[in-house]
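Input: structures, listed below.
Okay, so subunit A shows up in both of these, paired with subunit B first and subunit C after.
What follows is the complex of A and B.
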């Protein structure tokens, strides 16, 4: 009973506070909802903003007194700052977001190092040097309808980050003065990372900020590319570190992973990248006669052999299945061979044929067994068919014999 | 004629009863239906170890923790469908293909796995460890 009364009282209190807030005059929005262009801000729009939801008002950033309806609302006496110049945006946002004591009351787990990180970024450094074109907080996070990054409508939600970055970085005209490529977004859209993020909905898949950082956005240098990739691709990075390619790439000034896999347009790795064919990336450096050329050919041959063997086993098991045979156990075992193939494709990053052979051999052992089980299932199918045929012959034989027997009885009568 | 008829009837009877006899031979599988399976016997696992069992057409992972508690998860990695295994030294579930790590509740901790592993219920009935798929509430 008391619990119900308490809940009721809390509900009434919330409604009262909400109504009181709704009735508070806001001369800023009253006027700005009637303005056009950049100055247009509606109550509905601002109500979506995380700052409004946390109780902040227009005056929190722009100063002034929204409760006044005359010119005094925008007076110096009321602390009116007006439009915040781009150059002043990071500092203004940082005045709250870099203050742990202030931020703790809203979200204790929110980081408060964004502004200091921004100052170390290319954006921040250029901005400090007087460049007004580079990104400031509002370019990425939006303004007046700013939502938390976990909101799918936020410009900085993982699904939207690449589009947000591309607004500047894919605009050749806007980026012309910086003399950097503008094809990153177009390339990224063709990549396996984009496919994982957007098509498969894997929010842990990388987008721009995963590799470049967000507030401290800086392109990773040649020496640190492998470190960036290794945050997810741990095994490949460990094998690469211990491989002869590590020293060879370093001496040639080549970045680790991207030399073979490219950067923004990383496509799903295929076995064709390995070996000595025209599509191979190995032949970009290795030529016929050298040890690397031979190792590339060997590794490709082994992997291709295991894949062919898996396909062969899979085909015979499918044939047995479509004939009504129970082959779920060998199917399960064949998955182990696929595991071995996946491992072999990772082991390729040792760039030596011997370790790859160990993985491939363990897979081939399984495919030999499962193929045998598939053959056994087909033999069992044939045995059953033969048995069925023989029983049908026996039945027909009995029917014919009965008919002849009846005829003979009739004849004798 | 009588012999022919008798032989024919005998062959027919054989063809009827042979499949019945084959049916009566106990099947090798321990699958108790789509949602439940006997994953092992009590005493089969040492504490802090795990084993792969067959759950329908997919592998499952049965673990016996150091606390003596049985746990079971889907053994199919949510990254590229490799079979995961229990790592006693780490007390975690590990995917050997790309170094994906999960905790004992199946939550993806590190590496490329994008989602947790499916959790199964475990019951001990007599000396059998029964694993069942969780039903939606």
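What follows is the complex of A and C.
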């Protein structure tokens, strides 16, 4: 009985506290929910904000006292700040987000160098110089309904970052004073990176901030492009570093990877980029007779040779498979030839024919074997069918003989 | 004296061989326009024999564990001389055996061969058909490939829906809550020991009953022969019918060989219990009409679970079907049974076809 009464009392207490919390007055939202335009903020909207969820209130940024319902709620003497000027936004956000001790209470894993990074960024530098058009924290992260970057509805979720950046960087009129191109977003949407991120949902695929940085956003210089790409394309970058192109590009003032692959509109590399045809990027610099021209032709020929050989093996194995032959083992081996082809395509970044040949040869060895196995499977199929034909002849012979024998014995009965 | 005759004499002196074979010599088979249906039972028996022989050969290489089953079948099909033939013939013969068993069963229904005194012949035959389906269900899992794994999962899930005993049955079949290596071991045990034992026993009973009661004259033919006794024709079982049956067996062997050579039974990919189920998982064709029906039944039928209603309906229908000879008394019930059989054939055919085209 006593236990039941105690449980009842605890339940009533919880309900009372919850109701008291729910009914706590917030004069900011009471008024702002009735206002229009950028001053419009509702309780529902703010409830979605990560700050509200962590227990912060309007007063945490804007000062004042939401519990008061008269003018004293916005008393400047009591610390009311009102609207935060754009110029003051980074510093205000940084007052908490740059304080490791403070942030540890909410999210110990969150970095606290955003403000210092921002100050080194092109946005931060221009903002410090008095440019009010450049991006501040709220332009990218939003305000009053700010969500963590892991939330797909967040403006800084990987799937949304490019759109967020494009709000300024694709606006030719807005960007006119900076004299920089505004086609980056349009180009990016045609790129293999965009396809991987948006169409295939691969959140590890690069978006604007992957290459340019986020809080410290700045365009990578000519010398550092290869470093940026190498964060993902490690092997290609290592081979490029050791290749003759490294020094040649540096002396010509050409950015590493971008020279052949472009930047924002980077398309899926194809073997046509290699070699000496009109579509090749090698012929942009190399001309007939030079060593690079010859190496480009050799590499292209070897790679296309391996590809043709893989297709040939695949075709014969498919033919055997469609005849019902078990060829899963050669199929598995053929995957290794495909791996060798991929490796050869990476080795192209040595810009020398010899290392590419080594990879291609290992692939060709496998395709020769798998093609032979395909041929063997087809021979076995024909052998089976011949065997069947002979068996059927024997069966027909026995059936006819039986029929004749039955006729014979029934004639005598 | 010829060597064969000497052996025969030797056996006759000791076992009374001629006396033992006497019933076979006196056994006759009616000759009429439906006689060809008589071959189906024999062909089914022949295919069962093929299953036993090829099954024993498969046992020489098959390893019943989740880690080795798939690889052992793959090895058998690619490395062992004529391993592909043995496995393909085993798989094709299994399917043909169930097909001929179904055809045999329907021929018996339409010719009303189950009527007195052959009620128990029908019951033993129906039980053999259920056992054949059990062979199919247990054997399907043994190569441990993706399709078989998920089809077994779905099949045992359905068994688990039966009220009161369903969950226990499912645990018994799976050897646990999930389809694992333990399920494979059990299915292997059922497939190579329990089911063959029961089948051999029932085949013996079935053949004994056929021998005891003779071969039925169809209900339509019987009055014709009564009216015109001169029309009644018979052939001796031994050797006339048996030699004809032998011809049918040879033809069945040719069909099996052609299927194995032109459409060897595939192996698929090894089962991965952690992979998601591939789209369009379907059971073997002889379960498809039931599977498709269960898919079409709404989740809820009033207060009852739709799937449970479906399973109970099929169980009840199976039980009624088993008891058909005991229900077939008056002219009215005879017509009802024939009508029901026609409906069942049409329903199974349509639902199986629908199951194949449906996604």
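Rule of thumb we're sticking to: the second predicted complex is superposed on the first by the 379 of 413 C-alpha atoms of A that agree within 3 Å, B and C clash if a C-alpha of one lies under 4 Å from a C-alpha of the other, contacts with A are read in each partner's own complex, and residues count from 1 in each chain.
Throughout what follows, contacts are C-beta pairs under 8 Å (C-beta built on N, C-alpha and C of every residue); 3 or more make two chains touch, one makes a residue touch a chain.
Please read all numbers here as calculations on a predicted model, not as lab measurements.
Shared-chain residue A:342: touches subunit B; no touch with subunit C.
In the superposition on chain A, no contact is made by A:102 with either subunit B or subunit C.
Number of subunit A residues touched is higher for B, counting subunit B against subunit C. Residue contacts after overlaying the shared chain place A:385 against subunit C, while subunit B stays out of touching range. Touch criterion met: A:395 reaches subunit B and subunit C at once. Once the two complexes are overlaid on the shared chain, A:324 sits against subunit C while remaining clear of subunit B.
In the superposition on chain A, contact of A:174 is made with neither subunit B nor subunit C. In the superposition on chain A, contact is made by A:405 with both subunit B and subunit C.
Of the residues of subunit A, those at positions 328-329, 387, 391, 395, 398, 402, 405 touch subunit B in one of the two structures and subunit C in the other. On the subunit A side of its complex with subunit B, the touching residues are 196, 200, 202-205, 232-235, 328-329, 331-332, 335-336, 338-339, 342-343, 346, 387, 390-391, 394-395, 397-398, 401-402, 404-405, 408. Put simply, subunit A touches subunit C in their complex at residues 324-326, 328-329, 384-385, 387-388, 391-392, 395-396, 398-399, 402-403, 405-406, 409-410, 413. Interface of subunit B with subunit A (complex): residues 1, 4-5, 8-9, 11-12, 14-16, 18, 54, 56-59, 80-83, 96-99, 110-112, 114-115. Here subunit C touches subunit A in the complex through residues 74, 77-78, 84-85, 235-236, 239-240, 243-244, 246-247, 250-251, 253-254, 257-258, 260-267, 269, going by the rule given at the top.
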